[in-house]
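Some structures are shown below for you to check.
One chain, subunit A, appears in both complexes that follow, with subunit B as partner in the first and subunit C in the second.
Our next item is the complex of A and B:
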């Protein structure tokens, strides 16, 4: 009777006592992955396709016996093998120069993925920086930045991209795995989306600034930099992740549009949009030359849309329906 | 209201001035010029210089810009460097052709997308809703040139019902042969329909979950009245924002669709102007597109204010 209640005698806070209750990281990831698949089956299909595409971009050798992007059947000319229909060696047939369409599309994945992810990384960094700067520095910075945003918003993206890519491509050097024609697409798409979507970031940041915890930080004398880093960025992060995952598809699409019109990726670099452009001449006789590149572009864009949608619903249901 | 319009129009004017300056600046650094493009590979330095002098390309850039801007203010957009005819004369019919395409696609896709979106939204979770959602997702993931190619392969090369290219004889209207318009319009409609439909559906679902809709249901209003008087007008507000953003995409889509179907509109002229470095043409087309976009944004804001009593009454 009358025993004193059990008190936590150790000096550690109670939180740490549960250390071993949480499952190991791998199990946790698998479990939440399983839940994701159950709740968002379409998003999961999109996710699997994205993993396949990334694999294709990193190790194309897994998918095609033609070992490198410069293999003979990828970039060579084979007059007697022109316009073959899909068969057991060339699964997607061959094009007007006798090149293996399947291998060319596999190698095109690297172009699409590098440009897609590159543009999203650079563009979203830019839009987040500009948006936060505009919201927090206010005053003239805000006024001037917002006028720039309006200029970018009043020029249709494709018009801007065509003119900027044609004008600046010869002035750009190669950069790592990105050749100059790819790098300029990444830069131009990033600048366009960086300015355009910085306005939404600004809106979200302005809303966050009114939160009580920011008021508390201000009253405790926190500096602007500290508030941005400690309070605003972490809360903005979810929004940025969602909009970034939705934008990869658009960036891939813009690349293929530019390449289709002849301004984007230049031969011999492989590009799905370019393949489609090459297919136009013989569309009536050899529709398979257009079908497979079209399918690859569609599947990529669709997968990123699906995955981004599911991610948005999971991370922040309030954003549902916004794009 | 008058003040609002004045402010907006002056803002549009400033934007266009900046756009024209930006485009002029960028075209200055375009590699190669029209003289090189015209003379081609067989040029000699002497011939190149003479041609540049004839076209006035040897004078400093700012001088040409100032002259050009004064011309624009008087309605003179200059002469095409390639065709040696006034730009306004060439672009007049091109603009008409593009407008026929864009306006028809807009008038078909937006109302139908709103109707289908509302229809799917009030049936959220049903099989019909799922089917419509999947179709719209496919539509927005298919770029215009893929949709266009699919249509060409099906209706032109396989069935032979429609012509695969939409050439228009100079001096005639595309409406004289409406059959060439079917595939371009269908292609443009698909993407726009997908976006607007998805947005409407999401907003209708959100509006149906609000307190004012619950009140309307509880006080016994008929279902159609709840939907069309209470839910839909509120759901339309964010939808209009999406539509006005999509006009920009649509103007970009025009470039692709016209290129796929070889339809002589602004988009095809733009591509030709870029390829031939025809700066006056490029400038004029860019300004036209930017102006169209700015005006459609203004119209969207007006529609927004008209639908939203909070804005309408306060102004």
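Our next item is the complex of A and C:
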């Protein structure tokens, strides 16, 4: 029975009377950033952490001025310096091969972020394309695509990834900054999420297609292509953005899990999951070896989730509580 | 609480709201939802609270119930039985709520728990507030269901809410509200979501309840016709203030506030003694914004036709003359002419009778999708639904065909088939004598340019992500041979023509009000001068003042461009106002069609008769006619026999109605056609 009172929310023409007096762009951005921090403090913390992680990936020299990805104490072997506890030179200690953990984790961010963003970019493009195609072409295309989606939904993700990585890795070349072991993870994770989340995109697109403004366009003779471009994509965009920002965390986690199991990023490339795996055998004696990679993974996943949640609440409050 | 003491002093007010102010504190600033509202409810009286949306009616109702969120400031007094509800603590309020003060909401579906049967919901209310034994509760529940006119009250408790029609649900909600014999009943738009025939039966119930239960009723509605039907006193609200308060007859016959007079002249009325339908007047501008700080001025002054200098320098207070309270400095200047002189609906009659739209035996059938889509699973369990059956009609140049009927009668489907959004299953459709393809994708650009549609919900018919210029320039570029710049300029001109600021062209729809959005939709329908426009409930979502503006825009466009209209509405008053010809539809069938005057007068189809008597007239002295329909429009499936209206007909004659399809009878061999078994001469109204 307890309904909230109806306040005049929807009509606010007077509020926009001053709309022509736009503040300068920078001020506007700062202002809206300030509002975001105030309304979604957790999301803002997540956002700041994400910026730090991206910085680590692009310019790791800012964080470890001495190391480069191939420098000796990152990928070399130093028997004398094995299993050092955290100290003033190696802040997070060293691992079983005497490599500096701090530097390796900073460079691991590059791996994690590249794979995370890469998988999301490719995966969401795929899911949006498949979802819209399924919704608009209908008929047999729809039936067949949806059966594929069901196949992907019924295979455990990790199992699929392990099989696919093992089967295809030898056939994949390096691609720019992505080495073949990273590229294969990106591709397999994208295919999996692309199919799985295309079903939700299809649902949203089907709902949008029933909107009156789409019918209005149809009655004026708009083609399917035009409707997709003008009416469906712009309205689908916020949904895709939100689900993408939420998925980066999952992709990073998947990479860590794969590397932990030994199927992911191959040594000597730094990877948080691989670092965790290396720490496994000496966990009782040197817990710091597991603690720091675990912390990085946790922070990354948490940040993307918090930021994604806040973004969803801001862009489309109706989706609150859904994933 | 003992009611005796109050009964004896009948004139003592049960509820007195004095100078109520409600402010909400939102992140975007303070909203003054109510600035200064005063009203009084006595026992055995229905007080109507009326005003446009955004005037604070509902907030007043919710304040009385104490249903306001935490961040709110309430000033003034709400005296219930002498005690001030403002600042009363929660436990005391809870004892009153549901028990002494009960509320009925607009949407019965959301006030009933969908997972609980009706009976247990009722027993729960009774158990919470009354100290009764199990058997007593049971019999009391049945008594209550009976008192609100529910059929088979002893078994209805076993049913779930979704098994009941909307009207029955609302009866259950009213029964729940009456459970504890409340002293005060607050009804917030209780009939707004219902069909007009159902609305009429609920209004009958409320009028009847007023006499039976000794309670005061506060009836909130935007619909003046409904208010005239049930209310004894009326309080008018404008921009968060009460502006007039008087006996219902005084309000409707001699309003003293210019806003009240304006509202009344926005409502379509039947033709006067001379047979002339008066043109609707409209109130320019929009409601004073609740976010703004009110200065020392009359809030209605910017829209008022008789505003003086004093009105912008001082804020008027409520003054009282013989129980007629009004917030205006110059109530004596308010006459029926202040909103413009009486003019006929339009100043031309079309001579040209070229047929623009023609439909012959148009049929639309809906098939269930299952069995087609997934080839392996599911047969077609049910025969197809007959959404439109053998509809034939013509619309000539610059004339309007009105299609009227309850929801589910096939009105919208007819329009959608014409525009090509729904596939017809047989029959033919012609535009300017040329066959219209079933699917809009197969039609020529000329046909698409000549036939346009305006949809019901203005918010939904504009893409929320695109500036409104897209909606307008699109048809200009497609059909009007405009280049980008030319289309842009023409779009600005069109916006101006529909009474909008041309600078709105860069805005996105959410920056406009509902009325403004609908005008944008009209502007885009008017673009490149179509020959015919289909308006599907185009004014139903709008406030009366905006509705009047939009209707007049349509008529002006018709006059200037010789456009033909198919105007679809469930509101008989609106259809009567715009139409030259009327087609009454019921369950997909055309019950009656012909020239507007002929259809709306005797002889008429029993269904038309029922619709006419259900339509609420904005006149408190109108004697309500007694023809009422129960139930809802049935879904017509294939293999149906007999008359489509037989189930609900109050004049059903014999077996024939159940077995044989009714013949199309022509009245005096004119084009006025009635589909009924009853001979024409007996269809002449008995009253």
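Convention: the second predicted complex is superposed on the first by the 302 of 323 C-alpha atoms of A that agree within 3 Å, B and C clash if a C-alpha of one lies under 4 Å from a C-alpha of the other, contacts with A are read in each partner's own complex, and residues count from 1 in each chain.
Throughout what follows, contacts are C-beta pairs under 8 Å (C-beta built on N, C-alpha and C of every residue); 3 or more make two chains touch, one makes a residue touch a chain.
Since we're looking at a predicted model, the values are computed, not measured.
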item: Which of subunit B and subunit C A:221 touches, first, second, both or neither; value: second
item: Touched partner set for A:294, first subunit B, second subunit C, both or neither; value: first
item: Partner chain in contact with A:167 - subunit B first, subunit C second, else both or neither; value: first
item: Per-residue contact with subunit A, leading partner among subunit C and subunit B; value: B
item: Which superposed partner A:155 touches (first subunit B, second subunit C, both, neither); value: first
item: Touching residues (chain side subunit A, partner subunit B) in the complex; value: 147, 150-151, 153-159, 162-164, 166-168, 170-171, 249, 253, 256-257, 260-261, 263, 273, 276, 279-280, 283-284, 287, 290-291, 294, 297-298, 301-302, 305-306, 320-323
item: Of subunit C, residues touching subunit A in the complex; value: 24, 26-28, 31, 33, 53-54, 56, 58-59, 62-63, 67-69, 98, 103, 105, 110-111, 286-287, 289-292, 374, 419-421, 440-441, 443, 445, 448, 452-453, 455-457, 460-466, 470-471, 474-475, 478, 503, 507, 511-514, 516
item: List of subunit A residues in touch with subunit C within their complex; value: 1-8, 10-16, 19-20, 39, 143, 211-213, 215-221, 223, 230-231, 234-235, 237
item: In the complex, subunit B residues that touch subunit A; value: 11, 15-16, 18-19, 22-23, 26-27, 29-31, 137-138, 140-143, 145-146, 149-150, 152-153, 156-157, 164, 195, 198-199, 202-203, 205-206, 238, 242, 248-249, 251-253, 255-256, 259-260, 270-271, 274, 282, 286, 289-290, 293-294, 297
